[in-house]
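Next come two complexes built around chain A: one with chain B, the other with chain C.
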Partner chain A sequence: MFVIGIKKSGEYYDSVTLMLASRDLLETEGVDDAAIVMGTEENLQLLKGSGLLTEEMSGAGDTDLLIAVKAADEKLARETAGRAEEILRESKRKRAEAGAHLPRSLEGAVKMMPDANLVVISVAGRWAGDVARDALKRGLHVMLFSDNVPIETEKELKELGREKGLLVMGPDCGTAIINGAPLCFANVVERGEIGIVAASGTGLQEVSSVIGNRGGGISQAIGTGGRDVKDSIGGIMFLEGIKALAADEKTRVIVLVSKPPDAGVIDKTAAAIKEIDKPVVAILIGGDPVVLKEAGAHPADDLEQAGLIAVALARGEDPDGFREELSRRAEEIRKTAKAEATKMKDGQVHLRGLFSGGTLCDETQLLCRETIGPVYSPAPIDPAYKLDDIWKSRENTVVDLGEDEFTVGRPHPMIDFSLRKKRIVEEAADPSVAVILLDVVLGYGSHPSPGEELAPAIAEARKRAAKEGRHLTVACSITGTALDPQDREKVNRELAEAGAVVMPTNAAASLLAVEIVKIRRGGE
Partner chain B sequence: MPPAPLPTIVSIGDRVGPGIYTLHSRFRRAANYIRASRIVTTAAVEVGAGPANILIEPYPDKPPLSLRISPGRVEAGGKTIRFPTARRYSSRPEFSRPDRAGLDRRLAVLRGEILELAPPLSLAFLLDRRREIGLRGGFQKLFAARINNGAELLLAGEIDKGVAALRGRGFGLTPSGDDFLAGVLIGLHLRQAIRRRDCSRCRDRIFGRARRGSPMTDHFLALAHDLRLPARLKDLAEAIAGGTESATAERAADWLRSGAGSPADLATGLYATLKEGERLCS
Partner chain C sequence: MVDIDRANEKALKTLLEARPFWVDIQPAIDIVPGMKKNLILHSGPPVTWERMCGPQRGAVIGALIYEGLAKSPEEAEKLAASGEIEFDPCHHHDTVGPMAGIVCASMPMIVTENEAGGNRAFNSLNEGIGKVLRMGAYSPDVIERLKWMEDVLGPVLQKAIRKAGRIDLKNIMAQALHMGDELHNRSRAASYILFAKIAPYILETMEDLTKTNEALKFQEANIHSFLGFAMSSAKASLDAASEIEGSSMVTVMARNGTDWGIQVSGLGKQWFTGESPVPDVLLFPGFKKEDVGRDIGDSAIMETYGVGGSAIAAAPAIIQFVGGTVQLAQSKTMDMYEIALGENNVYQIPALDFRGTPTGIDIRKVVSKNLPPFIDTGVAHKDPGVGQVGAGLCDAPMEVFKKALVAFADKYAK
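Moving on, here comes the complex of A and B:
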């Protein structure tokens, strides 16, 4: 290991800038430790205690900035220390730019862009309602990214939006595609004839990606926030969204994506479907679509199917035409599962799913329930299978790392992979684990290089298992399109090179995982 | 070209004393000036009033290298700006009707706000150990261990050892450990007001041990020791002492949003002292 230290006088940064810059350096492969701190006597002691103190830092004082890097070799240490200086310069430049151009209020933003007709709001929940109300009064559609908005406020805003003919997407709405523009966490899909109304963020992402990858396109994708389909809100925006797409000349097919709506909302949705002369596809994850089917909708069993049915309908093709193709793929998956399972050691029988998308996690739980039985989770379908300790898996477990209890003090797992990487390696150490299932969500807002991030952890997990004579399958799905900024092919390649089995959708990856568990349990 | 508008002093803190000050450090919206061990800060209006703040509008792109402060006027860069006495900011909070009964509920609100709004790597890990998972590498882990140890010792009444483990440690111009200690000093004032218990000796001892001869940090700690607070923190302290839970939430959020890491570190020290400081000032 080589340690390099740099002392810079008269440079001041706030503590978070310095800590985040340190963390950035620590992400570099081959860098063992790094710190960027002011040169107080006590910080010098800490540097000494962690083996980062160098001669260059001697005589440093409170007003000196110290950069220390411990890396595998001198070249890497010097390059990383140089990058630290770049990161700090960049943070100064960004702040200066932000100070010059960013408005501080909705009023200021509207002055800067008087033609805007939609506002994305991401402020703390207790203020979000006031900003949204102000926006609606100004005639702006609202996308409310904020969560923790009181339910009464949500209802009031949505009633106001309906009265004014404006959309209120959210609260807790993270995904939408409006007039071809992906908003917040969304994938890049060509414009087309399929409109989506979704009370589920990653559900919308998975369906729109399947549509895009199948050659279809999106007219509008409207998120409503998960609570909209509960009776307390009454599906106000779900129904307004359906109405808007029904009236939209460019939309030929409508897809509805949601966790099971409350009974009252299902009835209202069925009534709305009956009034529409366009085909409607419905995927209610875990819900019984019989009422919507009776109303004339095409029910789908999973998110992938919903996208495939929609594309077929938009092209005027048989909506069941894809089934043979999926059946052939399922056979291929079973063969892969068998090939993987035969390499495993006795006792490897369990599945561990580590998700960043909540709806994808639910979808997997449902498939498991129907095939290998209920699985443990912090938010299980069957309450008897609630994990006692969310940090420790047992038997078959699937976890949505985007749930609130995992995101305390850290960014969402679609942005920050640190927790998931740690957990992948931990799960691999359990000799009962046969398969680890991961989702990788691409698109705007997500991590720019998920393949580069996850690949080392996957390789490490498999290597550790192999040391103990175990073959570990890591099954990954990719939600995203070739047009997404991350380059889907590159991500696919990076994951595969790390030893993962990469599947095009969560449904396919989940099927592979459960097939392996079935085989490992014996005789199935 | 129209002439540039003349700068105006919008607020001047009650701890800004006369004398000639020279530039110490400069940020985008503020600059610190020093005279012996005294510091004053010129700042843009959005930074907010403070005991040693001079809020200037419009705030200059390039702050001058020195300031001459006299009663009623500030001279800088060849310009003299006068200010009426009425613009003096009074930095001492009023705890006229402290309410002990609702303190636990207000503290729960404060804790919630800290955990929601504190940046990922701030000292809020002292309130929720799960946040330590975000710490990486030997340096950060050692840092967290020392801070944990220091906070435990201090709150157990081991003032000398606790302060020694906390002071000067961490990131930023006022290191995180010093921000925490400032929060402890303010928390002790609040304990005194709410529980009617004299904590002055404890404050003096902490302050005496925490000073390191660093002008910025010593100045910052001295203001906390004397309960001279910036406006947002003063509002928060008053709400914790005798306000409503919603006022506490709003003011805590306002304070936590006012800067990058320091507000969260200070608020963590303040919370810990009020919640668990029984043995610190008994």
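Moving on, here comes the complex of A and C:
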């Protein structure tokens, strides 16, 4: 054992800092004992008692800093003593780095921000109900991001919300725009006159983005969670949302977005529409909008159209005015499809859709069913087309990688692209694949630079196919606006540079994909 | 069904309205209820000699020698184990004791009176830092100091306070929080204020210059001299708020180095206990992690009272204990608002824009938020006879709050 002692005159540190530094030294392997103290009489006695008092310290007084290290050998002792000085210098530089205080409960949060009137809840589903109930009792609107909330709890919460005149958005509600603030996964859209009620997350994102990109604006975009439009909940918040927008002075046009509601909810929605003197646009992905049409709603065929109709109505223009424009674009898309398809090799006939947005995946399935026939999927419209192995595509396949079975142990594909990148390359290796269809969802919550993530995989996929003499089309849609934090233009450029054909909406990208399949199958 | 919120309002109001004064110094035998020659009071929940931790055993040994009941540590140990000596928690005698919390018949006691409730609480005089009885030391110099406190310090202070009549302790504590004290691990400012307030009366009642000077020097050098006054103030205040039917407010948090216990207003004097944890310590030079004893002392009465760790944001000088930044200290205090029934109307934290300290711990909030109170505390060596090894932080064990909540539900949920 070797003991080293250092005396530094005129350096003062408070005792707690010195204790902290000592603790640091003591944790060093091979250091038996260490002390950093001011040279008071009491401390000198302590050092003496622990065998740390050395000759160098003789004559030390109150204003002298003493460093003593007892270690296995001299070298370690000297190094450790040197580090003590470093630690002390560091302590002087140390500043508060921690961020602002984070409350530990809803109660604490409300105390910190007493004017708040909406709370986003994302605790585990098992506990989310209790927190939401607490919030409603405190008079707060609720956005319930959590999933796995029991349906009975959802119903109870929504009934309580209705009774108190409060919104309960969710459970499993991933997006909303309230008073101009994008919540959770949401796009940045100017404020405006179009209100949305959506039982579909990416449906809301796509419609609001289309509206924003068309120069329109959003008054409020209210999410309800997908189960709201089932009879078990009875559309409580879907209907409350409609009511709220009907009463909202800033909302001039209302857009309803949903997967097909249960019959009871459709009827109630139709009844509600009849009561409203504002124009209503309805997009029921895969549902028959005839009841709503009879009630006076403008039905839309896809999400893009819903947005375009809404903007036209808000401007007092012909709601069908965009149709000519879209048919011109469809012509362009067919030309592109033809150009792509002619470069392909025999046997390249299939479409593979790899989605991060569930509603976008559904929308594509529907378009396929009407054009190239049913496609395989883990969640197909036609049960006969259920994919046996979700990890392996067959023929025409579309998968939503945001489904629970894919997200076990990893983040949602809007945030983590690793699974999709891997799958893109796998699909490209299949000689029967003609086109890979991707959605890229921008906005808050999503990956900050999806272009940089996807571009290498797209390039790699195309390169591998090319090596085997195949031209592979990668069709990408972008859901998002120029105001989104990711910079839509930059993403667009990155994807295009990687060789993808970039389309403004999922409807357009899906059309391109099915047109290619149609041509490749021949006879059309 | 009992209205818990109303009961808690009453408990908190009683606590906030309590007005503790220092009114006297008297030997324990004369003033502490139930005190007798062969009784030794200790900190925390009840514990037998067999289960007693090292520092508490050490302090018992010291106390028996100090009282002249034993001549050597060996004899004292034998006596303590013989059954002739009775042990009882300080809390069962309107008393609180720091660290080992040993109180015996001859010790001069601070007498604190809560003017609002008319009740009194007691605590011993502080011995200073380092090798002291409350930390489990019992060497001859420790005993000698205790004797001196009995013969010199006690009488000097007794005459002075009797001359002064009474001194408002709540007022001193309120000032001290503005001067960098949190009143548990740091009570330097409060110690000086009290010293300044009592000094004129010490001089006025002086009989012997040497002895008076000794007493003044001792008080000047002891930065913890106020702690005993603070603890007895907290005890007197919380006692007034105890046994309120239906209240879930904590009225006692206390540790004996073996067990960690609490009492809850609506559950009377029943203890809820669990194993006492080892605190996270900053060690004095010469000590190692293995030396650290389990959390000990009645001084957690300060956190129960709404200061101490709960007011750590008021004490920049000791923020190293909570991670070294002002912001972290503030965050620690902000956390404590989460489990408090209310905010203090007298004790404020300058750094939080003079917000009242978090006061009145609610067992329901502790359990539902899984957020235990934390104590910033002195830490004793685990062995008898050594003394203090450092200071640090200790989270209260959740177990005791859960047990109390279950009992609370059993009693009140119908």
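Heads up, the rule we're going with is that the second predicted complex is superposed on the first by the 424 of 524 C-alpha atoms of A that agree within 3 Å, B and C clash if a C-alpha of one lies under 4 Å from a C-alpha of the other, contacts with A are read in each partner's own complex, and residues count from 1 in each chain.
Criterion: a residue touches a chain if its C-beta (ideal position, glycine included) is under 8 Å from a C-beta of that chain, and two chains touch if they have at least 3 such contacts.
Worth saying up front: this structure is predicted, and the values here are computed from it rather than measured.
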{"item": "Partner chain in contact with A:Gly108 - chain B first, chain C second, else both or neither", "value": "second"}
{"item": "Contacts of A:Leu46 with chain B and chain C, given as first, second, both or neither", "value": "both"}
{"item": "Which of chain B and chain C A:Ser22 touches, first, second, both or neither", "value": "both"}
{"item": "Touching partner for A:Asp33 - first (chain B), second (chain C), both, neither", "value": "both"}
{"item": "Touching partner for A:Ala124 - first (chain B), second (chain C), both, neither", "value": "first"}
{"item": "Which of chain B and chain C A:Tyr12 touches, first, second, both or neither", "value": "first"}
{"item": "Which superposed partner A:Gly165 touches (first chain B, second chain C, both, neither)", "value": "neither"}
{"item": "Chain B/chain C common contact set on chain A", "value": "14, 16-17, 19-20, 22-23, 26, 33-37, 42-43, 46-47, 49-50, 52, 68, 95-96, 99, 104"}
{"item": "Contact set on chain A toward chain C in their complex", "value": "14, 16-17, 19-20, 22-23, 26, 33-37, 42-43, 46-47, 49-50, 52, 68, 91, 94-105, 107-108, 111"}
{"item": "Touching residues (chain side chain B, partner chain A) in the complex", "value": "25-29, 46, 115-122, 124-125, 128, 130-131, 133-134, 136-140, 142-143, 146, 167-173, 175-177, 179, 212, 214, 216-217, 249-250, 253, 259-262, 265"}
{"item": "Chain A residues touching chain B - in the complex, by the definition given at the top", "value": "10, 12-20, 22-23, 26, 32-38, 40-43, 46-47, 49-52, 61-63, 68, 95-96, 99, 104, 124, 126, 408-411, 418-419, 422"}
{"item": "Interface residues, chain C side, partner chain A - complex", "value": "130, 282-286, 288-289, 317-318, 320-321, 323-328, 330-331, 334-335, 337-338, 365, 368-369, 371, 390"}
